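Just below sit the structures, each encoded as structure tokens.
Shared between the two complexes below is chain A, which pairs with chain B and chain C, respectively.
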Partner chain A sequence: MKWARTTAIVFLLAVSAACLLANVIAPSSYAHQFREEPNASPSRQHLLGTDDLGRDRFSRLLYGTRVSLLLAPAAGLLTSLLAAFVGGIAGFAGGWVERCVMAGTDLFLSLPWLFLLITVRALLPLNVSPIVSVLITFAMLGCLGWAGAARIICADAGALAQSDFILLARASGSAGFRLLWRHLLPNLKPVLYAQFWISVPVFILTEANLGILGLGVAEPLPSWGSLLRELEGFSTASAQPWQLVPLILFILVVSSFHLVLTKEELPV
Partner chain B sequence: MKKLLASSILLIALSSTGLLAQSSGELHFCLRSEPKTLNPLLAADDASETIRYLTGGVLVRVNRLTQDLEPELASSWKVTNSGKTITFQVRDGLRFSDGTPFSADDVAFTMQQLMDPALHSPTGDAFRSSEGKVATEVLPKNRVRITFPAPIAGLDRLFDQVAIMSAKSPQKEMAVLGPYYVGENKAGSYLILKRNPNYWEKDPAGRPLPYIESVRLDIQQNRDIEMLRLTRGEIHFINSLDPEYFDKVVAQDPSMARDAGASLDSEEMWFNQVAASPLPSYKKVWFTSTNFRRAVSEAINREDLARIVFRGHARPAIGPVSPANKFWFNAKLQAHPFDQKSALQRLSQDGFHLQDNVLRDHDGHAVEFSVITNAGNKYRERMAAMIQQDLSGIGIKLNVVTLDFPSLIERITRTFDYEACLLGLVNDELDPNAQMTVWLSSADSHQWNPSQKTPATSWEAEIDKLMRAQASTLDPKKRKEDFDKVQEIAWQQEPFIYLINKNALSAVSPAVHNAHPVVLRPQVYWNIDQLSLTSEVARNR
Partner chain C sequence: MAHRRTRPGPKYLEWPAEGIETLSALPKLAGKILITVLIGGFLGATLVRLAPGFGVDEEDLDSRLSAQSIQALRAKEAREPNLLAFYFRYLNRLLHGDLGISRTLQRPVLQLVAERLPETLKSVVLGLALGWSAGFFLAVAIVMSRAWYLDLLGSLLVGILLCLPAAVLALLFVLAQAPARLLLGLVVFPKIFRYSRNLLARSSALPHVLTARAKGLGNMRVLVWHILPMAAPQLLALLGVTVSVAFTAAIPMEALCDIPGIGQLAWKAALGRDVALLVNLTMIVTLVTLVANSASDLLGRTFRVSEA
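Entry: the complex of A and B
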């Protein structure tokens, strides 16, 4: 399966490069409305046609991919760091610290995510630009997604804390933060990688769900969520198959992330 | 044999003229939700109102086509005592669906139930103009007199919503005087309405109405499935369609698509003018400026909104009243033009100026504000995106914020922590009295600045005066004059920037005869008692 992982990595790099160069590649601004050509079919000028407001769908796909593909890993990184911090300390300390932290984590896990996101979003200031709005959305996703990963990391850290090499490290005088930083954390890396790669597609999906509910990225900035929203009616999509391109790209990217994950899951 | 042959020929002839179709067949359509109640006095949701319309007998009915008031269970009526009293002459010899005789006593009983504070009837709210008891008196010769504590303008038209209940029937509210009665109710799945054998009305040829034997109402929330069922011939019509679905119907079978023109519903935007709102003072100055509001209005291309967002199935709005409201619309008013030069001129009168394509006020603040709308409504989100681009043409930066509905309502009614709002108004009432709660400055629904102790501006004081004046007279001409002036002030001041009036769109199967969809609700089945099905469909059902 090495070729599949390689292909996935190459594909992700190609997509990332394309969306990073969106300013150069995109034929027009993602926000410009060609009002005489709403819902246009693909043409030389508009490779994937135009949307309901006459905006070039190809340009929106490039910029939308940039938004989702850059910010989802950033949110994934934030989640993984928070999970490492909370789960690592709880697992390493053990005893009542672990019990208290895990009780808090369970409480956090029991919160209904979607409602929490909607509530937090409703409390945010209104006059923020679309860029800030999307940053806030992904930051919220990152801050809310750590609990599940923290539980796994806590269990792993707990097991490592009882292992022989930690006992040897303790015997040789290593303790406290040094023990955590030099001996425990490096051994948690594989599980942290795995959590990171799992969280990226989850956040992409969550943003897409929020977009479908109309609570995703603010107009006129595109994201995969807002692009996928065009597919709400199956009959529309079947009549205009080029509208399926964002969905196909989305599936390919999420699948690629999972193929990359397989490598990282292997024991070091 | 000859007799049999003659009978057969007659049968075929009758069948081909559609006469056999009458008084037969089952009409199918969908409700978007389950009716919350079958008690006509408690109906507040769309589904319950549908059942009330199909089953309830009313004293007078607003003809949805002509918009005139017509006699139904009452053969005549008279409003007296400056609009406090109404006297109905009730038709003789009518019976409820279960055979119980109908009389003026039933009208008195219904009014008593309707005004009972313990019942909390939403229909009764329209009659509660002031404190005090409603007196109902049954008079000789099947007449009934109802006296209200204060005058109610447009009193007679309010009875269009009051389904008369039986005082004596053991079936209580299930005994009805309308064309159908509820025969079967499978909760969450379907309702079957059966033809009322005692329905009083007959067609010009003397045949009993309604023609259709039963109506099946399937509860179906999913619009895609509803569309699929229509195209498969499983249902006969869809009463209210979005432009997107309407265009699909046009593409599949143009003969089914019915566009009745501009409806009473409008989409509008307004600025927060609440003095106590937590907005910066310079923004309050912008939003309370007539020139600012009119400039924003002129910078919005309403034609494009109607053409692109609503696919041509909407009209640029003119003012508070849609042209679909034949009597009350002020025909002197014209739609606000799309003119960004004029918008900039208006803004310059208030000290605004363009600097590097950014509009700034006289203190140098860049003009930027947010508009909130409810999440999930793609038409409003698209309108907001188009307005965003339009306003950028005069240097205004607009931030579009979609919120879940409860959060939005919280902001516009309690915290007033918003700058502008884009919402729609669903309007069922023709009479301006239904809009009293919007136009009176002291009212809760005076959205741009609600619950004022005294009017904040001279033009709001003038609107208050005119609205009260039109409500206190029975002379339709005087009322119209006053309400025309209200519309003119609203047009000049633009506290609401009216954007578009949506068209009333529906889809009707060719199997349904005599369907003439109109702009008023219920668009397709307003003449349910006169609808019929083709004989083939009737036999299959």
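Entry: the complex of A and C
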């Protein structure tokens, strides 16, 4: 399956490059309304037509993909760092520290994810700008997604703390933070890497769920959630298959993220 | 074969060890659930009390209201300054079966939950039954037949389903005018399939299974007597996890397919910033999830002990 992994990485790089160059590639701004052309069919000017407000769908797709592709990995990084911090310290310290931290993690894991997210989202101020709303959404995902990864990292850190090379390092006088930083954390890198890649598609999917429910990124800033929400207006009778392009791209990107990890790196 | 542990004493008083272990685990699990709910409730109350939006309402922005009215509204929201007192008052009301009044719907939360929970439970049970039977039987078929085309087909289907958010599935169900309650089955199915297939494949590669096959045992006997008992505890543990997955997916399903369950209620509460209702709903779903997790954990443990 090496070819599938390589294809997925190349595809993700291509999509990321296209999104980063959105300012150059996109024919117009994501918020610009062509008032004379609402719900227009694809044309040379509007490759994917326009939405009901006359905004260019292709531009919105590029900018929306950029939002999700930049911020989901950022949220994944935040989650991985939090998990490394919490799980690493718990596993390294062991004893009552580990028990307390794991009890907290269990509590966190027993809370239903989407219920928790919409509760926290509902607590946040209403009058925020679209940019702040997008940052809040992904920061919230990053801050609330650490528990599962922390458990795995804690188990690995606990096993590593008992290993021969750590005992040797301890015997050589290495202790505390130095031991954690120089010996333990570098050996946790593969687990952290796997957790990071697992969390990215999860966050993309969750943002899409929140966006479709109207609890994600605020308009007019596009994200995959708001782009997929347009499917509400999709009708088989009117036959506008280009409306399905965001969904197809979404499936391709999320499946590419799934393919990036090798079978050995994936949990059962 | 492990030694079968029994309580010492006269033979007629002997109790099966697995029964004792299951019974002794019950109070511990109940205590764990209670502590989790209490801490979760406290965190929920803290969230409500310390949230930046607490005490601020859409009504505050209503330009028709006078300064005195807005002051009165704010004073009403900020009645309880002490967090612990706020929590104990909340707990006290909870013990008396009072979950408060929904601010947006102006109805008692308990009444709303009593009306809507059966709808969600119906969807969850149907979804779990569908997802489990489809996922598990497809995994068994693939592992036992070792047909590559079936594996490829299953993997492709699961790959696509795993890439679709539950909300998109709900929209597609609305467009196709398909029965919405089946949606939860599609959300649960890929998780069951992937996990069961990997687990069954791993169990079927164990030396004793290979020996059983080499001795000429039929597929069904190998599955029932040698593969399933090895995989059963972990599969049972997955049952609890899928309950949580199904409840989570119930929000987009009910919101978009217009099913009056607690998922839809939570969505409406989120849109109306009815945090108190949301916290109560989250606590109820947490409780259901915890009970399901503990039950599946207990089942798995009993199975493991009786297997030993």
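Odds and ends about this structure:
In this section, the second predicted complex is superposed on the first by the 256 of 268 C-alpha atoms of A that agree within 3 Å, B and C clash if a C-alpha of one lies under 4 Å from a C-alpha of the other, contacts with A are read in each partner's own complex, and residues count from 1 in each chain.
Convention: contacts are C-beta pairs under 8 Å (C-beta built on N, C-alpha and C of every residue); 3 or more make two chains touch, one makes a residue touch a chain.
Since the structure is predicted, the reported quantities are computational estimates derived from the model, not experimental observations.
Considered on the superposed chain A, chain B and chain C are sterically incompatible, since they clash. Of the two partner chains placed by superposition, only chain B is touched by A:A31; chain C is not. In the overlay built on the shared chain, the residue A:L213 is in contact with chain B and with chain C.
With both complexes superposed, C is the one of chain B and chain C in contact with more chain A residues.
Of the two partner chains, chain B and chain C are each touched by A:I118. By the touch criterion defined above, A:G54 reaches chain B but does not reach chain C. When both complexes are overlaid on chain A, the residue A:R5 reaches neither chain B nor chain C.
Shared-chain residue A:V128: touches chain B; no touch with chain C.
Stretch 400-408 of chain B is the one among 238-246, 400-408 or 436-444 that clashes with chain C after the shared chain A is superposed. 118-119, 121-122, 126, 213-215, 232, 234-236 are the residues of chain A that lie in the contact sets of both chain B and chain C, per the superposition on chain A. The residues of chain C lying in touch with chain A in their complex are 36, 39-40, 44, 47-48, 51-54, 56, 58, 159-160, 162-168, 171-172, 174-175, 195, 198-199, 202, 244, 247-249, 251-252, 255-256, 266-267, 269-271, 273-275, 278-279, 281-282, 285-286, 289-290, 293. Residues 31-33, 35, 38, 52-54, 118-119, 121-122, 126-130, 133, 213-215, 218-220, 229, 232-236 of chain A touch chain B in their complex. The part of chain B that touches chain A in the complex is made up of residues 224, 227, 244, 248, 304, 308-309, 368-370, 372, 374-378, 381-382, 384-386, 388-389, 399-404, 407, 417-419.
Looking at the complex, you find that chain A touches chain C at residues 106-107, 110-116, 118-126, 201, 205-206, 208-209, 212-215, 228, 231-232, 234-236, 247, 250-251, 254-255, 258, 268.
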